[in-house]
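Below you'll find a set of structures to go through.
Both complexes shown next keep chain A, but they swap its partner, so chain B is in the first and chain C is in the second.
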Partner chain A sequence: MVDSTMPVDPAAAVGKNARAGDALVARLIAGAVILCGWEIVVRLSAPAFVAKPSTIAMAIPRVLVDPAFLASAAATLAGVVEGLAIALVVGTIIGLAIGRSRLVDVTLRLYVNIFYALPMLVVVPLFALWFGYTGAARLVTVVFASVFSIIVNVADGARAVPQEYVEVARSFRAAPLRSLFDVVLPASTPYLLAGLRLAAGRALIGAVVAEFITAVSGIGYFILYNSRTYHESEAFVGVLVLAGFGVGFDSLVGWCTRRFLPWYRRDRGA
Partner chain B sequence: MRESSGSAAAYHLGRHLPFALSLAGGLALWELVGRESSPAFLVPFSTTMERLWELLVGGTLVAETLDSAGLFATGFLLSVVVGIAAGLVLARVQVLRVALEPYIMILYATPMVALIPFILSLMGFGFIPKVLVVFLFGVFPVLYNTVEGARSIKPEMLEVARSFRSGERALWRDVMLPYTLPFAMTGIRLAIGRCLVGMVAAEFFLSSNGLGQLIMSASQNFDTGGLFAAITVICLIGVGLMRLGFALESRFAHWRK
Partner chain C sequence: MSSAETNAAARIRVRGLAKRYGAFEVFRDVAFDVGQREVVTIVGASGCGKTTLLRCLDGLLPADGGEIWIDAQRLAAPIAGVAMVFQHFGLFPWKTVYDNVAYGLRMAGASREEIGRRVPHFIALVGLAGFEQAYPYQMSGGMQQRCGLARALAIDPAVLLMDEPFAAVDAQTREILQFELLRIWEGKPTSMIFVTHSIEEAVLMGDRVFVLKGRPSRVAETIAIDLPRPRTRATLRLPRFAELRERVWSTLMSEARQAEFQLSGG
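The block that comes next holds the complex of A and B.
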């Protein structure tokens, strides 16, 4: 984080630019050291099939144009996005209900906490049993993995809405449902986005585990299959793409926060 | 909120009764739906408890739970020790922090399960690769939060300590650690949950034993009762560990101003 106490004068700005340049150099050097270390260790001590940067780099162009891989990546991405969309809608509605209604809170809180604490992959064998070894099992796993962090965060957000907002809405005779969606929901959006950020990470893990267990085609299965057939470098490209999805979701949510909720970060920084 | 005339017993009843009712309602629903559906898909609560009792009396459950607990504890402690130590070093040595930050963020965002096939082919079936999996799941939240905590130390604090001629050791003991620990606790709480996921993942996909194996073999043998029994046990462990994590975090939270 940038320290906000810094005085804004030209000299300081120049210093800042120089520091940003230094940081980039330091990062590039660190990256080079990590890659070289990895390459050397694997070359000296591991069998030829073990993934190392040089072979991974050579595998990247090959894998990225492979239609089978693209289909797998699309399948996983579609499953994750679809599951997250379902979890977002369901989780927001349940979260708002828990946050604003004492009765719903008391009825559901226990179950939300239990399922939130449950390591989600223990239920994947059960989902495989219920939904078969199909994409449906992956979708349900993604929803299950992500919905509870959205519920918990939205409920926290709905509870934290300043009482005055709700009272003003009521004095203007807003219907309860309107005040829920027009006042409480926007006010708890920062919490919603924080929950979504957590949910995206959990959804990706859920999708990969579901593919490992059910052998549904996707990046997870692509990684499993290739590493079992001694194509580790190809498999590692799959990991890189997954990491890209993870970082991508993260920056998308961060961008949304900055774009649509600029007041949120400013408030927090003050 | 509440009338102060109510006795403590009534207060506790009022506080816990709704949750007890909700639990009873949920279990009743499970029982009813379970009785109506095919035993291959869903068994009622009573059957799950019977199966749980069988596993408990037979000794399988205790043995597998201990097995899992050993794996969890080793990997978790390792991730806490390494995470805090590396976090403090990164916090103190700015060059390292700046240089490594993006790589740590990338690793934090990578779904660690995807690395399991590589760990398997490199290290095979054994205790060490499983510990590595649990460690990898847990270490990044600890590392990340420790660094964040150490960054929250005001530079003035360090300067004041310096002006009073604090040595490097006193600086760590009196400024760095007390300021960082509450943040590290948040990372530790997150790590508890993630290590539990790592533990089950390691037992699913590396050498099978422990509670993960119980779940896998139950699902492969269409022993739905056993499956639900094992999931129930992991559920209880998860809730217990999560409470422990929150208790730990709030124990240190008052240090954070």
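The block that comes next holds the complex of A and C.
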């Protein structure tokens, strides 16, 4: 029969690997072309202080051992992690309440949507006034930037909890408040994780914006200071490190999901 | 065991029960008793209100009329002595077999010691020993329903409500589970209401078969199943089994035919 005469699967697998390899090569070539183009254009037409790949590459080791830079990076990272942790706890509780209680939903939904849509650029000056030109202003900005993505996603997840689970909980006489954390929260985890990933991106932006505006030391301020003092390559290293934080956090969430939520996605055959 | 005998002391008493969803009347005037060690099976066309009736009996859904009594307690909300086994298992995917089975006990505030003693016992009873740390996604449908059954049994219910518990598993597994459930029930007989759309299953499991019929539906027909217990695979070969199966079948079919004529007529 067809199956026994045609080794479809191995061939397909090889083809797939080959395609993945092709994609990688294409990606590397595209990256190299962009970097070369950038290098050539800057060399031909821009003053020496304008950042180009070669000077950025040379700046990397210098910046990465600079104690001032490391302190800045640590300050920003600490602010982001601390703010995200606060946003996660507060956002989860408010999100669960909105998702499961009509009263809380109609009371808060409008305000959540307004604050979610508000550009953080306009609130940072207010936070700077209220909390001073300090790390506290950055922390508040990070919480503000990230908490609403978590609220909105957790509320969606809590609303979408399969009726079956709620009914099982009621059948076994679970206390409603207990079910909120025992049933609704785990059932909403996929939404929570999606919200957390969004929140992490917004938290990083929030921290940088806060540093730009309040001049609190951190990577954002490091980038601003260096680009204003014609150390553009150093500024770019700061940008790369920020991007690294973003990618790193995403991988961390992915790893935690696989490690601590083994059931997640498996039931959908992924 | 005759139904008169098993009914001597009724555990469940239903009187004049009615339920509607908006203008749609699901059932009306449903009344029956279930004895302390009696299995009542309920058959009826799809959509006739079997699940709705069970949800009322579990206290999950308020009835619009009538009363449900479990022993001396009038039902208004889920009570401690009643456990449900759900058609689609109703397991929590984020909990292991152990934690799913322990769920009812934890919610009832059982002590650590009691949970540690009862949970392994019921896991073994349903044949899931060795799978304590497995997640539902790692198990077949049959194994998942074994877990659902263990969770219900673990709270030591006086009343077991089963909503087409084996409808979502393959035929072979279903047969195995039927006899396992019979074995477990014989070990500790309780009141059980077992909803099914399989006539064979209804006859095999039940002391009485209720046929839900009509619009709105009610218990139109009660068929006493005078097959000896314990029921085993040999039961399936008894001439009496075939007779009773035919009786339930013809009762259901007269309904199906009427419904068909009503549809084609108007």
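Everything below uses one rule, namely that the second predicted complex is superposed on the first by the 245 of 270 C-alpha atoms of A that agree within 3 Å, B and C clash if a C-alpha of one lies under 4 Å from a C-alpha of the other, contacts with A are read in each partner's own complex, and residues count from 1 in each chain.
The rule is simple: a residue touches a chain if its C-beta (ideal position, glycine included) is under 8 Å from a C-beta of that chain, and two chains touch if they have at least 3 such contacts.
Bear in mind that the values here come from a model prediction, so they are computed numbers and not experimental data.
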Contacts of A:V152 with chain B and chain C, given as first, second, both or neither: neither
Chain B versus chain C as contact partner of A:A59, first or second or both or neither: neither
Partner chain in contact with A:A75 - chain B first, chain C second, else both or neither: neither
First (chain B), second (chain C), both or neither touched by A:A174: second
Most chain A residues touched (candidates chain B, chain C): B
Touching partner for A:A97 - first (chain B), second (chain C), both, neither: neither
Touching partner for A:V239 - first (chain B), second (chain C), both, neither: first
Shared chain A surface residues [contacts with chain B and with chain C]: none
Contact set on chain C toward chain A in their complex: 55, 58, 60, 78-80, 83-84, 86, 88, 90, 92-94, 103-104, 107-108, 135-138, 155
Interfacial residue positions of chain A with respect to chain C in the complex: 164-165, 167-175, 178, 183, 186-187, 189, 261-264, 266-267
Residue ranges of chain A in contact with chain B within the complex: 1, 22-23, 26-27, 29-31, 34, 46, 49-51, 106-111, 113-114, 116-123, 125-126, 128-130, 201, 204-205, 208-209, 212-213, 219-220, 223-224, 227-228, 230, 232, 235-236, 238-239, 242-243, 246-247, 250
Residues on chain B engaged by chain A in the complex (per definition of touch): 18-19, 22-23, 25-26, 40-41, 95, 98-103, 105-107, 109-118, 120-122, 151, 193, 196-197, 199-201, 204-205, 212, 215-216, 218-219, 222, 224, 227-228, 230-231, 234-235, 238-239, 241-242
